[in-house]
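Following are the structures in question.
Each of the two complexes below includes chain A, the first together with chain B, the second together with chain C.
What follows is the complex of A and B.
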């Protein structure tokens, strides 16, 4: 009996292996494998390789292996330090807003009992999410425009809180720049992130709330002890995903700030792009090394985030 | 020349698109190599495909998007009438990014034959160095070459070879809104020097005629360099150890320091956001000065001629626009640049490209629209780079030209204007240096010499860091 019991799973595994070895099955995997290798694996390997060389895109001279030189130089480059700190500053403003505002909105929308109204709110929330990125940035550039933007027009011409000599500068070399861009991101992602939390809220069994009510829990206690722990997987996904995207923002910075190194929008990603596609012979070996340093820094933080949000049950 | 050498020379010309398949065969026959020519062009040789492709693909120019959008006649007038047809495209060069061209050249190929949108001091040196483009000299007719305005020809030339076929001219001038200046009680004439310019600007602010007296574009090649040139063009230096042999802007030169001082005084009379980046092309275009001038909040303006022309069109009274040479700081020069076309080394249809560029750059309908404004309402404000077109316009002196006297004013500036040298860092030196000289403008650094020395050092340090020194 014992031998039969052991041989069954082995036989099952073998049959699965034979199944995979069957050419037809591999055919199904091939397209995904091809795209993974060509669009993910190959570029990653390529960037690893050139980061250890003096590869310059505009140079016709063959690239030479330079070992860790690019990494050592990048680690000592003040622009890399400043760029990483600027990105971290943006992330620290962006991340709480992109988590807690949608959470709050999701809880409100979840309470709407009228199905038509609930759908309407969801559609309204999703409108910014379907607008293409460049349009969003151009729209908000106009909103934030010092001279003709509606925000300053209201502050100066209607509320008379400022003059055009001391009106807020929302973009450029101003302490308001990073919060202003973070606000655009909150607005843009509000509907999208709210949907994550709505899905999470829908998955919480109603019986838990009923039981809590029977035990005399108030709304805050139910939120703290029932809702929040059940939404932890959503938190983990959003925090990790959005941390990565926030640290690696580039389009917004280039559109809103260009390449002036004094601006808070000149982060490590913009510096990397500037070096790789604008300056001199386009020293992409060095730019790749900066990219890896940024990626490594992000991986460390992501590891910490996973530790913080680890399952404690 | 031996027959083998002749065959190789002809083959190279065929491979580079200088000869069509038919011309190749005729030349081979003339050299007594007809059999070899047929053999080379047979599909089995592996060369036939290329030859067929050359004749099979129509001329494929690619444009920086803004050029096509401000000149609708390129499509309607030039492309539509070009013999054999044209497959005109929009270039993937947002923010002056020419990476795609370089990547293709590295593989010995090019999707396009000509790129219309290259500015010599911005990207030409890099494209030449990377072997992406080739000179026009073997193809361009001598009469066209000789027709180029000398300063423009010099700007488009590297090592004695013409790499850019110029199309559009930008010259930095001064503009002012006469509605505002007359309200401020200022005589309707151009300030002759910078002191007068600043005094008038102050009068505008003091009188309350407009919130700001003057403004400028914060990008160095559009303000710092032209104002420097108005003082002296002796503001470039050869950096020791720089293999390019092309001079860089000397931030610490006396005229550069004087220009920075003028900018600081201008900034006090400008909008508070004058140093901020623009909204398009990586902050380079749609800059705050354009917004302020378009919104009639400022009287005096330093920029290339077409910017005030475009924005004045939106005013209730566009005739209030005035243009003049930059106020003189001594030498009375300014900065100019052209936007032109480069010929892809691995492109095809080289002769056709020449014919196309001739049709494009000599098209009088385009120049009429450019100078007098297009029917849809906007004003390209660009000018032709060929002397014969100017001679013809002078001779005919049509009504639309008489109504736009600024055209000859800008042309006159070319006699004294100087282009920023075609260094790989021609444009980037101003981007790298900007945060440092701006410290003086904003008051963060009280010593202009120190600020400019830091700007100069930053450019050299960058060149060292990326191995260009």
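What follows is the complex of A and C.
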């Protein structure tokens, strides 16, 4: 392989035709490919297969092929409907905050002229990004705790806005639960997403601002007409990616809410897990169908988002 | 929105001060940023404080303790059941996962960017595709079945193997961004000198991707160190669980899991990540700028 490269390396690079020898380079991809096939592709295919059966993990009866029964049942299951709506409600609160707050902060950090201060702000904002997710949720389960949580402590003992009788209940069966969890996600993602936007801001040529200034544009017009269009690709990727993560959230619900069906944190993801690994004989066939319905619903919206944000130029 | 527009305006003026001294808009800019930084830091500060409060102070409803008590760390390590085991499990699982994932990602990304690879486009689009699909959620039942049939439930390899795929696609794409910053001419020059593609990766490429590698290691470290769902599903023996699962399932309150003891375990659990970040922060930032975020 090295010998062919020596003869005409550059011409070789440009040619579109691949030779048989280039297949050898797949050896480099092989380790990654093994893990993909073994622990992503194969399990997903297996989940498709068992979604058409009445498979229960703990049951000793052999699984039977039941066709679309699981899907028909799941589509009529009120808990699936409720679960999808709950996930959608969370997403609709989560998404704006996880995009616009970091955008705002990135614009501010971008204007800090002192390099030492600028990097200090970045480092502090990035601290939550190096704390693992479950740790974040455990931390905020304490912050929101009704009795010892510092938020209620401040509200009751320091600001005297409430007493322990009527202090807000942040988690559990409360309308505040979903916004409270969304806030945790904003807190967690702030630094990381700010970095994305800062990378985007750094890539904008400064001449564009100079030109706009010469044309008499004010700050707001420059932001709207120069900065925002340039950040568009990052913006689109973040919106679609975060939509996906938000709809499929499960760790936070299990850690902060548990498995109580009445709670607003009992979404389709928790329901799926609960069915597959806890309820009765572990109804994995039915759970697999629910997983696919949720995933399919998400894919439709992701496709729609890409269509809405497509480049019209 | 009105507020943000105003501070953007004022901040821009601040970068071109007409006279010496602090302009009020500069103060506003920094005040806003300090506010955000405080929101980030205060909850963490609260946990650290909680871990050194005396037991009565922890339940008294005041933020600042009257009496400090630094014994909770020792207590947590000595008395809490399985904490050492959980800690050890986390270290083994995380270390193996980070190593395997990073190696796989570097090799694959190198081939994608710098070698001739038939079907490259298909591979990259598949990788990007998995980012938009809830793979972890949809595959978890299948992964459980595989590990159960291999007898890997409640074992370390049972966690490590599926952990590798968690971040593999993202890792390859991040490394692809890093490798794309390296000019192909360097590769061609090395080739003319007769180096094989394997030697080029080790001798020429590795030093050039060092900063990106730091980003990769940190991203994978954070994911593996804190993974919850798989560990929660694939282990049910308290002694085989990882630290995050042990912590998340420990209900705070009284007795051995009193709040300060729990907080002490918590501080010990998040310290490795923050320390690694503090040490590697300079390379991490460089790596981010070098293209780790452009995929």
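The criterion applied here is as follows: the second predicted complex is superposed on the first by the 289 of 313 C-alpha atoms of A that agree within 3 Å, B and C clash if a C-alpha of one lies under 4 Å from a C-alpha of the other, contacts with A are read in each partner's own complex, and residues count from 1 in each chain.
Criterion: contacts are C-beta pairs under 8 Å (C-beta built on N, C-alpha and C of every residue); 3 or more make two chains touch, one makes a residue touch a chain.
Owing to the predicted nature of the structure, the values given are computational and were not obtained by experimental measurement.
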{"item": "Clash or fit (per the criteria above) of chain B with chain C on chain A", "value": "clash"}
{"item": "Which superposed partner A:172 touches (first chain B, second chain C, both, neither)", "value": "first"}
{"item": "Which superposed partner A:65 touches (first chain B, second chain C, both, neither)", "value": "neither"}
{"item": "Contacts of A:292 with chain B and chain C, given as first, second, both or neither", "value": "second"}
{"item": "Which of chain B and chain C A:257 touches, first, second, both or neither", "value": "first"}
{"item": "Touching partner for A:143 - first (chain B), second (chain C), both, neither", "value": "second"}
{"item": "Touching partner for A:35 - first (chain B), second (chain C), both, neither", "value": "second"}
{"item": "Contacts of A:281 with chain B and chain C, given as first, second, both or neither", "value": "first"}
{"item": "When both partners are placed on the shared chain, which of chain B and chain C touches more of chain A", "value": "C"}
{"item": "Contacts of A:162 with chain B and chain C, given as first, second, both or neither", "value": "neither"}
{"item": "Colliding stretch - chain B into chain C, listed as 96-104, 186-194 or 420-428", "value": "96-104"}
{"item": "Residues of chain A at both interfaces, chain B in one complex, chain C in the other", "value": "57, 138, 142, 145, 147-148, 254-255, 277"}
{"item": "Residues on chain A engaged by chain B in the complex (per definition of touch)", "value": "54, 56-60, 73, 77, 138, 141-142, 145-148, 164-167, 169, 171-173, 254-263, 275, 277-283, 286"}
{"item": "Chain B to chain A touching residues, read off their complex", "value": "95-97, 99, 102, 126, 129-131, 211, 271-273, 275-279, 282-284, 288, 291-292, 295, 297, 424-425, 428, 431-432, 434-435, 438, 442, 462-463, 465-468"}
{"item": "Parts of chain A lying in touch with chain C, wherever the complex brings them together", "value": "1-2, 5-6, 9-10, 12-13, 18-19, 22-23, 25-26, 28-29, 31-33, 35-36, 38-40, 42-47, 50, 57, 104-105, 107-109, 111-113, 117, 119, 121-135, 137-140, 142-143, 145, 147-148, 150, 153-154, 156-158, 187, 190-191, 195-196, 199, 202, 218-220, 223, 240-241, 244, 247-248, 250-251, 254-255, 269, 272-273, 276-277, 284, 287-288, 291-292, 294-295, 298-299, 302"}
{"item": "Residue ranges of chain C in contact with chain A within the complex", "value": "4-5, 7-9, 11-12, 14-15, 29-30, 32-33, 36-37, 39-41, 43-44, 46-47, 50, 58-59, 61-63, 100, 103-105, 107-108, 110-112, 115-118, 123, 130-146, 148, 161-162, 164-165, 168, 172, 184, 188, 191-192, 194-197, 218, 222-223, 225-229, 232-233, 244-245, 247-248, 252, 259, 263, 266, 269-270, 273-274, 276-277, 281, 285, 288-289, 293-294"}
